[in-house]
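The following pair of complexes shares a single chain, chain A, combined with chain B in the former and chain C in the latter.
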Partner chain A sequence: MGVPRGADAGSPTPDEGRRTGVLSGGSPRLALVFLLPALALLLLFLIYPIFSSAIRSTYDAAGDRFVGLDNYVQAFTDPQTLLSLRNTAIWVIVAPAVVTTVGLLFAVLTERIRWATAFRLVVFMPIAISLFASGIIFRLVYDQEPERGLANAITVSVHDAFSSPSLYPGARPRDPATLTPDPSGALVTGRTFGANDVAPLAITGLAPDKLPEGAVQAVQPEPGPGLRGLVWLDVGGGTERVIDPGERGMPGVVLQVLRDNATVATMTTGNDGRYVVPDLPPGDYKIRLAENNFTAPFRGINWFTGTLVTPVIISAWIWIMAGFAMTFIAAGLAAIPRDALEAARVDGATEWQVFRRVTVPLLSPVLLVVFVTLVITVLKIFDLVLVMAPGSVLPEANVLALQMWQVSFGGNDPGLGSALGILLFLLVLPAMIFNIRRFRGDQ
Partner chain B sequence: MATATETLDPTPDLNTSGTPSRSIATRIAGRLGQGTVQVILIVIAVFWLVPVFGLLISSLRPDTANSSSGWWTALTAPSQLTLENYANLLGESTITSSLINTVLISVPATVLVVLIGALAAYALAWIDFPGRDWVMIGVVGLLVVPIQIALIPIAKFYGATGLFGTITGVVLFHVAFGLPFAVFLLRNYFSGIPRDLLEAARMDGGTEWSIFRRVVLPIGLPAIASLSIFQFLWVWNDLLVALVFADPDSQPITIALRGQLRQFGSNIDILASGSFISIIIPLIVFFSFQRYFVQGVLAGSTK
Partner chain C sequence: MRLPKMVTAAAVAALALSSAACSSSSNEPAKAPGSAALQGQTLTVAAVWSKTEQQNFEAVLTEFEKRTGATVQYESLGDELPTVIKTRVAGGQAPNVAMIAQPGLIAEFARAGNLKPLAANVESIITDQFSAGAKSIGQVDGKTYGVLFKAANKSSVWYNAADVATTPKSWDEFISELKKQSDSGKTPLSVAGEPGWALTDWFENIYLQTAGPEMYDKLAKHEIPWTDPSVTKAFEELAKVFGQSSFFPGGNAGAVATDFPTSVTNVFGTNPKASLTFEGDFVSAEITKAGAFTVGDTARYFAFPQLAGKSAVVTGGDIAVAFKDDAATTALMEFLASSDAASVWAKAGGLLSLNKKVANDVYPDATTRQLAKELVDAGDNVRYDLSDLTPSAFGGTKGAGFWKAMQDFLANPANVAAVQQSLETSAAAAYKK
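== the complex of A and B ==
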């Protein structure tokens, strides 16, 4: 069996063609002539380097001292290389399984959809794009600034939908003695007020155009029943702590009235910045402008940090490879005998049971081929990590194939680099054996 | 396992939907479920398109716009779109020369792989010689050899022969690493050519070479098309090989753009337009030869 037979598509006699024929005539010498260019290149560029690297990996960086297996010991003790091995392990464990599952899901979902071809074309498209460009595309998607990165733009709007953003981020008291910031970021009056006092509170540190649309000219409240006052934007340039014409109140400021540090009332300022807290029993009160009036706005998630960077790059890889898995699996799916599925349905199986008990087992050889192919691809992953991880977190996102390049050509240690290359080769060896057995089974 | 892979559709295509016959009741239930499925699929498709769309729009916005607001704001204010970035980009000699280098690397690397691969594949399919099966097993084994393992030895070899930093060096490396897949794919296809056809050509007095040229190559065209597209895209999109073996004069577009990565935030205008230029050709190839491309992918699962 072997190779997925795509290449045989439309070949004149696909079945008889399996048995490789031999024409009468044609000599070994002629075969050699035909084979020579290919064999020479394969020998020089693929086979010789395997042995050359194996030997080179037992020498030190300069290449003149035999060090035995020291480079391999270093590979498993050097923290940076260990980190890249750990990340490669994460990739191998997570990425191929996820992509195979997603591909299976897409293939099954599109099976009976009329516009399946269009859908598959769209999902398959990223495979034509370079990993470099895909990396740029996702650097942009995951950009830290919510004004630039779509992921954070969405994160911020979802976040703000559930907890409304503060109205006056960064605003501060005009006079820190009158209004003192507490550790939480709230502003608390320094002195206390009586139940019927007037407490005007001047705020600054905010551009006037950041005031809500409804804000109107601030008005000093007349004394009267209840603790009353005003929160207004005391613009610099005018007279400080005095309400100049044109200075507006700050609507929507949430303030708490405290007595012995316990909240006894909560109030919100009106459009002119005024507030009244009626019916307070006589006593000494402080006023606290709650911290959520002033907290800095939520700016989204920093995706490119030590813990998040690898999952983020894997997500980009899923976007790239899902189409490959889907196409492959869809081809296998189309070849499943309809009778088997129909028979199960006639026997009263639900769609899920049909999928679980008939479709997946029949597909499992195809799924295995997809999975193994993805594992090989993941082991060699290089460009995507190099492009997506910003320099500062690159060490934490590093993978074996990239570390090999960095050690050899950046760090100038071809000894260790060769050892890592051999390590990589040993990791793909099972896949090589898998392919050869598949191929021989097919012959 | 053998049987199951044999059941793979011999004409793989993106359009593989089956239309089973079903009872009316299940059909109605299916129709209702299909509505949900369609909505889910539309959401997924949007999910797949938006990142590329974002790159395109970003590449059409001036630098100032990109640093102050998201590309999606251009949807409501399309007046900010401009071709300025592309004009600037194409005015830079490093970019234009690296674009030319990309072509100078991709085209020969593709043609050579097809030629050398087809010759070997024909010999492996139709000429008898001792050890033929072993050569083929060797080719299958080489399919998965990681490029990394060859970097250091070949860098040394190129250093000694003066190939380092040349386009020829980059091309040869790509050809060599493209060969296992090429031989594998073409040999599978060639061995499906009816024996009678080849025997008849020989009866007519054709030499091995003329049979190859007049019979094998024309019949093998679909497989050659798959291979060419695959190899072309692979080389066009390469970063690693050029990173090691090219110098500033022979560097392709991916390397030229990588130089701009360090200041990602302030270089979005260059990076977005440059990346988009670099993916236009692959996308055109992909959409025009989608069918061959799919076949190549299905055949090349082991790469």
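== the complex of A and C ==
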């Protein structure tokens, strides 16, 4: 069992130091008295819960039937737990590496700028905010509504800079049968019309006050030469599908006349919504209202979908932790002997070479400790996911620590929950041992 | 009129008893809420309430103290009440009485023998003053363990009075009202899709009406599968609304991302995007918090539209249960079941009671009176929120089971069969434990 080893390794260290180092003459018994409170607390809040969880993980949900390793089998077969394991793996692979890299960049670059302390202070500040609060901040940053969410405010303005919004966003046919959307999103009449027919088309789904200023009362076209028709907003009047007084035409709608799916003419409706396509040879025609008349406005990206949600939450964590990494690395950087860097520069190395061949190797112990510490933090990630992931995508964003909590308290299965807890503990253990070894090595 | 008479009667009884018997009996069951025989006894009551609700409940408890002479300590445990109570019970430190809003937890405690069944005199009060449907809420395996003290009316559709001319009575009228508004370019309906529980309430209201209370009870116990045709029918009715993406601000994707407070401010905020929203009576508190509308005037409600020609109400709320059965605890349970206790809080606002004897005019305003009346009038057609009756792994976990299935349904209302299948799969797993 690695359990006591991990815990023991921490406490005897000062003891050993005393044995090997200069003895100050204090009695070991006195030392024990001083150590007792800490030992008692460790026993009560660390050792006992670990063993109690390990035992609990071999019992069923109610806690009265011994099930052996069943809970562990379930943990590795349940699709939801596997998904959480996968997400935890993504976190461990991506997040600490990115944060260490970003921290290193910030540390090296801030060494060279004038207001370095001020800059570092700003980058470090997110650490002072709790993960919970940061989660709420980033939930807002990635909010779907461009008025609230910063991310979508940017995507929408960029998008709208390249393509202008349509004239009648969201409008739709009164009868889906007479006008059906084709694959491109344009509306095509279901029936065909002759060269001199009248084709009135009723549109709905738009507030009358959204019509352009010039729009006037819709008028049923008189039969006459040419394919004649009308596109009007069938809203606000008394009867549906009838041109009531007060219902206005829709000016500026671009429509195409199709024959055998090929465009033979293109028209734009007038202020009363009427159009006339003259001089058509006899035949069967369909009318197509181009898709860009009705395209709904671009609402930005939905960040909280199954595929995007984990990267989005990781991005928030990077924002929070970059300052932590930077601070530690900057401290390490300050301890690097300047003459080594100077010697390399004198020998004609470029700044990039100095960075690659001298700075990073000299920093590697610090980088490693930062990286491993971040791995431990990431394995325990919980609140950020809980706060940021909306309920509908939570399963896709779930991580081991959160799954453990949900299974134990929401799902009412402390057995499986304990098994997940032990699993998490075993995953953290190697990183812990590594870090402890390093600290001892440093001493 | 009834109220003062009872109070005087109680006071007289208290005087008579205190002079005759002094404070002697501690093991004898209390005769009535009115025996000062409980002098010197201390009770603890745990509930989630804090702030105003705590003050109102403490007023109820003060009334009990006045009548019996017992001392009651109130403990506000907040939203983690189930976890705290579980720990307390495991440690043998259960309170005398707790207000629990999770019938599943109550059933768990009852079957483990932690709860005491109510004394015969308390049960007879409940039988007399509550409908059979309301009484069944406090029952586990046929025994009465508790009484729904603070009820919610989860069958109310709230609307902007300026946007809806005539309130729809039937489901079809409701849909045509939504269509009419949507045709004129509005997005009429605000749905809270981000918390799964709000969506389960949609299903529960429809199912309770279309399938009836008996089927509702069977589904809650998983005696019929979620693939049952009655469930299909309810989902198909719901799809008539959820399938119209033009009804919702931001379409279906927007609805799935809308949290509960936003679903209210979408209608009753300073910049309204919709005209109607459905949820329980607690929407009124959110409307007041948002501040732009006045409940009862610019913001009103109508009962959930009828699908089968009769009204039915989905309720929820805090059920009083007893962990002890000594005289003082029994007296307190008897008091909490009575109309007197409910009236004390009802008068202050914020509490609806299923007790038929609570006079409708004690409620502070017309909207509350109407909400309370519908609850009582629903009679046997009142049922506790179904998702709370199911194991919490199925009916109460974010991103899982019932909640998740309803969100999937809102995102893609065409696929009823797949939603039913996923419901059945997760229900089967959750009920097995």
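The rule is short, and it goes like this: the second predicted complex is superposed on the first by the 292 of 443 C-alpha atoms of A that agree within 3 Å, B and C clash if a C-alpha of one lies under 4 Å from a C-alpha of the other, contacts with A are read in each partner's own complex, and residues count from 1 in each chain.
Just so it is clear, contacts are C-beta pairs under 8 Å (C-beta built on N, C-alpha and C of every residue); 3 or more make two chains touch, one makes a residue touch a chain.
Note that the structure is predicted; figures quoted are calculated from it, not measured.
**Q** With both structures placed on chain A, which of the two partners, chain B or chain C, ends up touching more residues of chain A?
**A** The partner that reaches more residues of chain A in the superposed model: B.
**Q** Going by the contact rule set out at the top, does A:Ala330 touch chain B (first), chain C (second), both, or neither?
**A** Touch partner of A:Ala330: chain B, not chain C.
**Q** Touch check for A:Gly190: first (chain B), second (chain C), both, or neither?
**A** Neither partner.
**Q** Applying the document's definition of touch, where does A:Val141 land relative to chain B and chain C: first, second, both, or neither?
**A** After superposing on A, A:Val141 lies in contact with chain B but is clear of chain C.
**Q** For A:Pro176, select first, second, both or neither according to whether it touches chain B, chain C, the two together, or no partner.
**A** Neither: A:Pro176 stays clear of chain B and chain C.
**Q** Quick check for you: in the superposed arrangement, does A:Pro395 touch first (chain B), second (chain C), both or neither?
**A** second
**Q** Looking at A:Val235 after the superposition, I want to know if it touches chain B, chain C, both of them or none. Which is it: first, second, both, neither?
**A** The answer is second: A:Val235 touches chain C but not chain B.
**Q** Between chain B (first) and chain C (second), which, if any, makes contact with A:Val122: first, second, both or neither?
**A** A:Val122: touches chain B, not chain C.
**Q** First (chain B), second (chain C), both or neither: which does A:Phe409 touch?
**A** both
**Q** Going by the contact definition given at the top, which residues of chain A touch chain B in one complex and chain C in the other?
**A** Correct list for chain A: 145, 390-391, 409.
**Q** For a test of understanding, state which residues of chain A touch chain C in their complex under the given definition.
**A** Listed in rising order, the residues are 61, 80, 144-145, 170-172, 174, 204-208, 210, 234-236, 299, 302, 304, 389-395, 398, 406, 409-413.
**Q** Which residues of chain C touch chain A once you look at their complex with the stated criterion?
**A** Those in contact with chain A are residues 83, 182-186, 193-196, 246, 250, 253-254, 256-257, 259, 391-393, 396-400, 403-404, 407-408, 411, 430, 433.
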